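Next up: some structures, all given as structure tokens.
Each of the next two complexes has subunit A plus one other chain: subunit B in the first, subunit C in the second.
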Partner chain A sequence: MATPSLTFPRSVFAKLSPHPYLLRTLTTSPDDTTTTTPTRTNGRAPSEPRPLKIHTSSLSHAHGSALVRAGDTTVICGVRAEILPVTSIPQYRPVTDYDALAEDEEEKERRDRAELKDYDLLVPNIELATGCAPQFLPGVPPSTLAQTVSTRVYSLLHGSGVVGVEGLRVWDTSRVGATAEGVDEEEEEKPRLVAYWTLYIDLLFVSYDGNPFDAAWTAVVAALRDTKLPEVRWDPDREAAVCGSRTERAKALGVRGLPVACSAVVFLEKERGEPGEGRHWLLLDPDRLEEGLCGEAITVVVDCEGGETRVRAMEKVGGVVVGRELVRGFVGVAEKRWKEVKAAMNMDGQAHGALGAFVEEAGSSR
Partner chain B sequence: MADRRRINGPPGATAPPIYEDDSNQESSGFKATRTRQPNTIRRMYLKTGVTPSASGSAYLEVEMPGKSGASGLKLSCTVHGPRSLPRSSPFSPHIILSSHVKFAPFATKQRRGYLRDPTERDLGTHLEAALRGAIIADRWPKSGVDIIISVIEGDQDRGTAKNQADDSWEDMNVLSGCITVASAALADAGIDCVDTVAGGVAALVRDGSDNGKTKIVIDPIPSEHDKIEAACCVAYLPSRDEITNLWFKGDLPSKEAGLYQELVEQGILASKQANRVLVECLGETVG
Partner chain C sequence: MSATTAPEAALSVLPRADGSAKYSYAGYTVTASVNGPIEAQRKDEHAQEAYVDVIVRPAAGVGGTRERHLESLLQSSLSQLILVKNFPRMLIQVVLQVEAVPDNDYENTKLVQASLNFPIIPALLQTAVLGLLSAVVPMRATATSTVAAVVFQDGAKRVVVDPSPKELAAARSVHVLAFTSHDELILAESEGDFSVKEWDDVYDAAAKICCQSGAGNADTAMDLDGPVNAGPDMRQFLNSTLEAKVAADLYWK
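Coming up: the complex of A and B.
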């Protein structure tokens, strides 16, 4: 008696036994001939990232915003600036010798970064519990992944120095030039530092399909580049900062450099057993399936602004396959990614208010 | 005690920026007025399948008229399920709905926190009531479905400070959008419903230009009117001629009993118009 042959569509195999399925697609090409170009389950080559689309200034309540879409991972970032008066900073130490500092470039940079970090002026938070994937449902405290990504973005913001503290200072110039009645005449003449802008950087995942850090970081950088702080004036009578409401006088927040994050995971031939034996593949920009199958991950943050490649951060966890040589090679991959992200940022130029057209475009590519 | 699982920022309180010209904007002659007919809703954009990993998803955007660039309500909805209930939960002969509505921190004029506030819980309850009437619940015993809505941008105008104290009128518009987008997402998830349910808002407004007379408009934008006396949000199933949820707020003179009915009628009219968009959108997906 002949048993009816049992065939399943690809998606069923991917669910039932994901590891052999991915291994199979990597080792054989679709037309079953000997492989020359390994292909992943999603049809990409191992070192092929998903195309990136960036759209800025789509939110009206935020001072800067960006929507980033890489394949099926979509993230929205909104930057919101609020005023932090120096009187409500408990550990505030006024800096009096700005002019003296201006001479020593390195010391100034160090002090500026410390100022940004001590007063905690950048507040990034990632919200994953939006139902963006079946495992992220709301009503629970932030998951480990959300906390990890938030912290990584936080430390990279401070570590890479994309935002300078100069743009965030609010000065009181109302008494400049006025005839001082007090004793300290010289001090009254100078502008006084009265407050800082605090940037609340909130990220919301609309759709999640792996590689949250790259998408989140790209969204943060794009939103910061888009951020315009309103013109601000200190009102001594109200003891508050008052902003001009004219948008054309708003000042863009100076963003230094363009650090780009580039992540990959290592896929091993053997599902269990000693790491390092058998073949392995480096999969760039992993999706949800690949992330679940791979233990070892590497992230490199590079900045090629100004022609010269600088590694801003590097992170490698969970395995022993990636050695010194591979990392060096991976920096080259990251450089390529940097060019793509840069192109995507420049592409976005025609900002129009509605997200609709963007979503539509993204939807039709599915 | 601050939540240690998030990054909380500086310990001192930060204040949202105060804008200089807020108070004298009206006197300078600029004031938004309603240019649409009183019986038409704003144009909206609806799209299903925005989140591929969810069972069903939809995205809704409502146009903000009069201003280029600024746009109104933006909602993203995902539906997960039907899925089996955990073993510990008691037997249920029908599907259990759980709905979450959450504003993004950058959705409104004031920055929202990450914990759900009472308004969001209230919206969630209303939404659940509206959808429960549309879903054929006894087809899925012992199962549950999650409906999650993220309000990416609320229905507020940034420029005007008027009506700042009561943003409760905007909540009605948000709810009506939530109902429409959730209905589209449920259809995308393939959950059986008796009909597509859509939300509609009607309001009794008093404008200074009409010598203080009241009139009824649908899909109101609070900043366009001097005062909103009462408003109601209706969730309506057109093929059954059935209202699944009704939320009425405000005060009506008791001597005009017909006014209340008329308000609900207009709400239904708004809902029917939204439903047309909904059906068209679903038709595109299927076809």
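Coming up: the complex of A and C.
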């Protein structure tokens, strides 16, 4: 009679006692060979992120879209622009002289940001779809996670200034140059600000396997870089904005810089010990299992576009392991991640660039 | 309304809660009520540790996504401070009611704002810690917190501690840092545009406010730097508030 076996497959062990499982994989090499580098349960080294795949312009009805995939975390972002006439903005405060403002760079920047914020021109929304991970149930209000990620994306959109308000202003130029009688000539020559574009940035998590913020932010930036606003003209007779339908006339929304988010969690050796005692590992780009086991998390958003590394946002919560030195070191890790994300974005851009050139050629030969 | 006055706090202001505290500083007034350990709901129950529930109520209107984010920040920080493993399957509930926020005549103020409000985080954290102390919840450490902004003034960078709303609007970057009483960094939030060097300067300024120990030490530091850059000594404030409360409670002896 065969004795019942007391060995479990890995997946059962992972479910029954996840903390010792992850600890064991980190402290011993997977196949007991000579390698001494710690490996995570997903086969990655602690500082190894998941490869990133970005695909833009996949949604035909959005003005810009991006599908971002990092391992089993898949998020799709669509940007839809809508016209907001200044007459329907409550508490609208028109700026009388933009030229005078332009002289003071600092003041102009501040006013531009305030304009974006006061009139709510950027509206991000995040949905964690039912079934993207087991913890999201149907028919419930947005989870705390969705609301938290949404707040962070909103704060970063405004804080980092990736979208400038200049590209969102709609001007009435129909009366420029036309000198109507009885009206002061000086006033007539200037274009009039009549409307704004409002960007609705919708994010949908198709599949969720940890690290939602990095994926969401990458998708937002990729989609904004892909966004093309249609040609718009103000019709003074109808008092409405009229959009042209020709796609080749659409104007790309300028995106300033390339902020990239990089997250990690801190895994402690002792599950029930005091924080800070025993060994710890910094796990970059955590998956769902790792996020569930770690309390402390750090996110750094960096932008190395200007050659020099600038930090655009930082968040460190839930523990005391990451101190000053680790934060400094982590900015270096984020720089590395920035290069990878930039490469992933450019790779996608090249694929589209070839297609774009083809379309242009076809258009001109007609 | 800049922080020219010292922080003020009162402990056990609510008669029915296990512990409560009222804290006001830099234009913010927050009241905390703390109940715990009490029985947890089935969905929140954790077999090994107490669940810390934080509820943030804004000064006007109902809480939105921003309040959820603040709650999650505070919840993860307070869970590190409270000895949660002493109370398995229990709940420690912290309710924070914002009573007053500084007015800002220069900005369009909207009732519902989605972006994260940095200067309110220290006020909420300080009040929560005071409330927990008042409720005699066993804790590993206390925490002190402060907000600092990096502003450009006359072509030079300057770290402003407890910035006014106007300074905040003009700031290059805003930072919130919180330290435990063992001088460990427990919470760090930053936004804007800054370098690692600038963050280091902010860290120094914040550590000076949050991590000083002893009244004598604080006095000498004040004298050396002058009151321009130096903020209040938060740890000293926490100690003196509790000492005053204990002295008042033991008066009958």
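Heads up, the rule we're going with is that the second predicted complex is superposed on the first by the 335 of 366 C-alpha atoms of A that agree within 3 Å, B and C clash if a C-alpha of one lies under 4 Å from a C-alpha of the other, contacts with A are read in each partner's own complex, and residues count from 1 in each chain.
We adopt the following convention: contacts are C-beta pairs under 8 Å (C-beta built on N, C-alpha and C of every residue); 3 or more make two chains touch, one makes a residue touch a chain.
Treat the numbers as computed from the prediction; the structure is a model and nothing was measured.
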| item | value |
| --- | --- |
| Which superposed partner A:Arg110 touches (first subunit B, second subunit C, both, neither) | second |
| Partner chain(s) touched by A:Asp209 [first = subunit B, second = subunit C, both, neither] | first |
| Which of subunit B and subunit C A:Met314 touches, first, second, both or neither | second |
| First (subunit B), second (subunit C), both or neither touched by A:Val265 | neither |
| Of subunit B and subunit C, the chain that contacts the larger number of subunit A residues | B |
| Partner chain(s) touched by A:Tyr154 [first = subunit B, second = subunit C, both, neither] | both |
| Contacts of A:Gly323 with subunit B and subunit C, given as first, second, both or neither | second |
| Contacts of A:Val331 with subunit B and subunit C, given as first, second, both or neither | second |
| Touching partner for A:Ser65 - first (subunit B), second (subunit C), both, neither | first |
| Subunit B and subunit C footprints on subunit A, overlapping residues | 147, 150-151, 154 |
| Interfacial residue positions of subunit C with respect to subunit A in the complex | 48, 64-66, 68-69, 71-73, 76-77, 79-80, 85, 107-108, 110, 114-116, 140, 152, 169-170, 180, 182, 184-196, 199-200, 203 |
| Residue numbers on subunit A that touch subunit C, as the complex places them | 91, 93, 106, 110, 114, 117-118, 144, 147-148, 150-152, 154-156, 158-161, 272, 274-276, 295, 308-320, 322-324, 327-328, 331 |
| Subunit B-facing residues of subunit A, complex | 58-62, 65, 72, 74, 76, 78-85, 88-90, 119-121, 123-125, 127, 130-134, 137-139, 141-142, 147, 150-151, 154, 198, 200, 202, 204, 206-209, 230, 232-233, 240-246, 288, 352-356, 359-360, 362-363, 366 |
| Residues of subunit B that touch subunit A when the two form their complex | 3, 5-22, 25, 45, 47, 49-54, 57, 59, 61, 63, 68-71, 74, 76, 78-80, 100, 102, 104-109, 111, 114, 146, 148, 150, 152-154, 156, 158-159 |
